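Which chain is which? They are A, B and C, in the order written, and residues in each are numbered from 1.
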Amino acid sequence: MTTLVAAERELAAPQAPPAGRRKGSGMNRKPRFAIAVTVAFFVLLYLPIFAVVLFSFNTKKSLTVFEGWSLRWYQAFFNDSELTKSLQTSLVVAAAAMVGSVVIGVLLAFGLVRARSRLGGAANVIMLIPLITPEIVTGVASLMLFKGVGLQPSLTTLMLAQTTFSISYVTVILRARVAELNPEVEEAAMDLGANRFQALRLVTLPVMWPAIMSAAILIFTIVFDDFVLAFFTSGVDPQPLSVRIYSAIRFGIQPSINAVGTLMLVGSLVLIAIALLIPRLFGRRGNSFDLFGG
Amino acid sequence: MTHESLPPRPARKERLWTWMLVPGTAWMSVFFVSALLLLIALSFGTTDALGNPRFGSTLDNVIGVFTPTYLRVIIRSLTYAVAASVICLVIAYPVAYAIARHGGRYKNALVALLVVPFFANYLVRMYGWQTLLSDESMLMTWLRHLGVSASFHILDTGAAVIGGLVYGYVVFMILPIYASLERMDGALIEAGRDLYGSSLRTFFTVTVPASRAGAYAGLALVFLPAMGDFISSQLLGGPDNLMVGNLIQEKFFAGQNWPLGAALTMALMVLLLICMFAYLRQTARDAKEARR
Amino acid sequence: MTTRTAVAERITVIDSAVATSACAVSLRRVTKSYGERTAVRELNLDIASGEFFSLLGPSGCGKTTTLRMVGGFVDPSYGEVSLHGKDVTDLPPNRRDVNTVFQSYALFDHLSVWENVAFGLRRRRVGKTEMTRRVGEMLELVQLTGRDKDKPSALSGGQRQRVALARALVNRPSVLLLDEPLAALDLKLRKAMQVELKRIQREVGITFVFVTHDQDEALTMSDRIAVMSEGRVHQCGTPEDIYERPSTRFVAEFIGTANLMSGSYTGTGIELPGGVPLYTGRLDGCSIGDEVAIAVRPEKMWLSDLTPDMVQTDGILKATVYGGATTTYLFEIAPGVEVSVLEQNLHSARTEERWADGERVRIGWHAKHSLAPLT
């Protein structure tokens, strides 16, 4: 009894601060070096981007001296039918690759997570190899393949090659999402009278939809911006935008490259913002950065 | 009592999922695996009189890879890629650390800011650097004002190429290390500080080993693409700083020696596979030790 | 070496009180193996129409696998599953007249509560008026009438559980399967839902097959229980049967507490470790020298008012544990053999303990309360 009372008395007493705690030690101290490096890093990171954006508004042709503000390079871009045709080409290729890779990727994601056969292991490996292969190797190999069957590099070959590479990306992203699904939800749908296909359509796909949309937009952006693969597998006409930019840079031609670059940057940003916002808009719990495997 | 004697029922197996694997596997086999196989096959081929590639069974190209000129390029590529990877590592740690442990509620915004530039076109960004570092740029003019000699160039040097590689791939080093550091228990660092006193020592003895996994992932994500890169050396390096990628590109487009190009590509792949192997063994060994 | 006539092979337990064709659910030699591992071994069960039947056992005993085989989500490796006399083993879940309440509730998060409940009716193309009526009835039954437009994410755990129940019941299945539906709820809510479920089952008259690892839950709610372990049914019977007349050692120990006393049979009793004799009287089916074990429930042991016909022994008091309504005393009756005795606190708390630690006390129990012999 007395021990109980004593314990109560001790708990009620004000706590003495733990001895020996140095002021400002531990996590509170800011690492000045690390922060300095970070700031410098961000500056350098955005420096060329600022340069490109800035000089896209330059009145003069020069790329080294900024004279004044003008939209002439943007006008030049939109007036240049070759460039706009390239833009169109890039958009079409990106769209085709997006559709193809998402359709195949969704199927592959489900198969990899749920199939219990040995094909799953092989499929997994085949799907992962492109991700660790440098793009130049994929590009060269694809070129080999097309030439080998007698196809000249063209819009079609480009679309096929881009779709192939994209399938790997899409599958990896969606596979994580499929693995998270509660299998009991599909079982419940079947328990209530739906067959397997109805269950997938009515109950699983609606839940997967935000992830699929995000993956689709992400892959669209990636394919649109891609250069190396396009370089090896696209034909002379029409050329995707990234290849045209490359030629322009190599042969030191017009500074409307800056305008094109700025437009591409803005476009990509808008798409990425949409891709990140979709899960949030559809009320999915969790960090939308889960997409990047953080 | 035992049921080994019982005949098993024909299982109503769910074959649906296996069927879902078929389109993807078929596609990838046709458009990727066979492509790689063709590439390997062509390494043993020849070119005919018109310069068209033909399949064959000669080892000329494979041997050709080992000539001094090419070997020098391969070694240079290795050097640049390794240098770029190390520099990325050195930059990535402070940046990842600052964001992960001191970013507070701006953490996600900072990571977003980090990633955004990488959705701008790679070429355009490199072009941006080219403009900034060219001899006529504002930066160089300013440096010349300060008295730097007229023969000092930034472009057309190995350093520029390495810098370009770093710029191009550093984010792939930062993100995995960031992920590792973010997950790390802050108590570990505090304990380390109590034990070691200096925060620098704590960093090397506690923080770095704990985020090893992220560092390894980052190294793989930087080194592999850097080895195959040809943009950086082309735009920023000039003719004295060719990398394997440039050679390959040249053989396929300007020089029109496809079998040799294929052999070089193969060499690149083999080299990377060896590195991957070593990397995987190291990480597996590390994981085993961690479990003990 | 010896035959234990009282201990039959509990692998083939067919409840003789229930005729086979009237059974709502019948399992014959149902077996499920995953490669080397066998989850369910040659199970035979008959569940009568309108019964509240529980599958009870520790994790991994195969109860959930068994339930899923009845539902059609798992294919048996061998054996037959029948519903109302009809062999459904090859039928997929959507063609069986069974509905399931899943452990995770498995609600359709993108649909409203109303749509969740109506899902099964929609699949059956039930007409709009009837659908509205039945869904309304069901929501009233589970007391969720005002929440039909909400999404599941807006509901509490208990409410989600009730949606899952309504969603299953609205289809008027002949059998309802419940996979540990109350496991995720906190204690008070769980107790309330147990009463609710029992009431609903009585009202609707459907056969319930209920899986749980909580023996109190099974004992309070069930008409009959099948106690499972390692893929086998150890015993199948009413809660009272299971509790008062456990047929195996596992059942005796799993259900409630049991004081286990084992030693070699002497003809008149058991010789406990240390040579301490326990005069239990003759035990059927045992020969002298056999290792036997008996068990006695703590509440069946007496510390006062002992009568000469009781089995008696001395114990040294080790600890007294006060539990509000009851007090538990721990005694050592032989080296290494401890028994606990549970007494109701019929009198108010005493200011001094009845006995001090280390005192020798006489313990007794009626021979009929000895659960023996056990395998």
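One rule holds in what follows: contacts are C-beta pairs under 8 Å (C-beta built on N, C-alpha and C of every residue); 3 or more make two chains touch, one makes a residue touch a chain.
Quick caveat, the model's predicted, so the values are computed rather than measured.
Colleague: When all chain pairs are ranked by how many C-beta pairs they have in contact, which pair ranks first?
Modeller: Greatest number of C-beta pairs in contact occurs for A-B.
Colleague: Suppose every chain is reduced to the average of its Cα atoms; which one is closest to the average of all protein Cα atoms?
Modeller: A
Colleague: Counting only Cα atoms for the centres, state how far subunit B is from subunit C in Å.
Modeller: Averaging C-alpha atoms per chain gives centres 58 Å apart.
Colleague: Can you give the whole-Å distance between the Cα centres of subunit A and subunit B?
Modeller: The answer is 17 Å.
Colleague: Counting only Cα atoms for the centres, state how far subunit A is from subunit C in Å.
Modeller: One centre to the other, that is 52 Å.
Colleague: Please output the residue numbers of subunit A that touch at least 2 other chains, ranges allowed.
Modeller: Within subunit A, the residues that touch at least two other chains are 196.
Colleague: Which residues of subunit C are in contact with two or more other chains?
Modeller: Residues 92 of subunit C touch two or more partner chains.
Colleague: What residues of subunit A sit close enough to touch subunit C in their complex?
Modeller: 182, 184-185, 187-196, 198, 203, 206-207, 283
Colleague: Where on subunit C is subunit A touching in the complex?
Modeller: Where subunit C meets subunit A, its residues are 71-73, 92-94, 98-100, 102-104, 106-110, 119-120, 123-124, 153, 167-168, 171.
Colleague: Which of the residues in subunit A come into contact with subunit B in the complex?
Modeller: Checking each residue of subunit A against subunit B gives 25-27, 29-31, 33-35, 37-38, 41-42, 44-49, 51-52, 55, 63-65, 104-105, 107-108, 110-112, 114-117, 119-120, 122-123, 126-127, 129-130, 132-138, 140-145, 147-148, 160-161, 163-164, 167-168, 171, 196, 221, 225, 227-228, 232, 242, 245-246, 249-250, 257-258, 260-261, 264-265, 268-269, 272, 287, 289, 292-294.
Colleague: Can you list the subunit B residues touching subunit A in their complex?
Modeller: Per the stated touch rule, the residues are 14, 16-25, 27-29, 31-36, 38-39, 42, 53, 91, 94-95, 97-99, 101-102, 108, 111, 113-117, 119-132, 134, 136-138, 141, 167, 175, 178-179, 182, 186, 189-190, 193, 199, 220, 224-225, 227-231, 234-235, 245, 248-249, 252, 258, 261-262, 265, 268-269, 272, 276.
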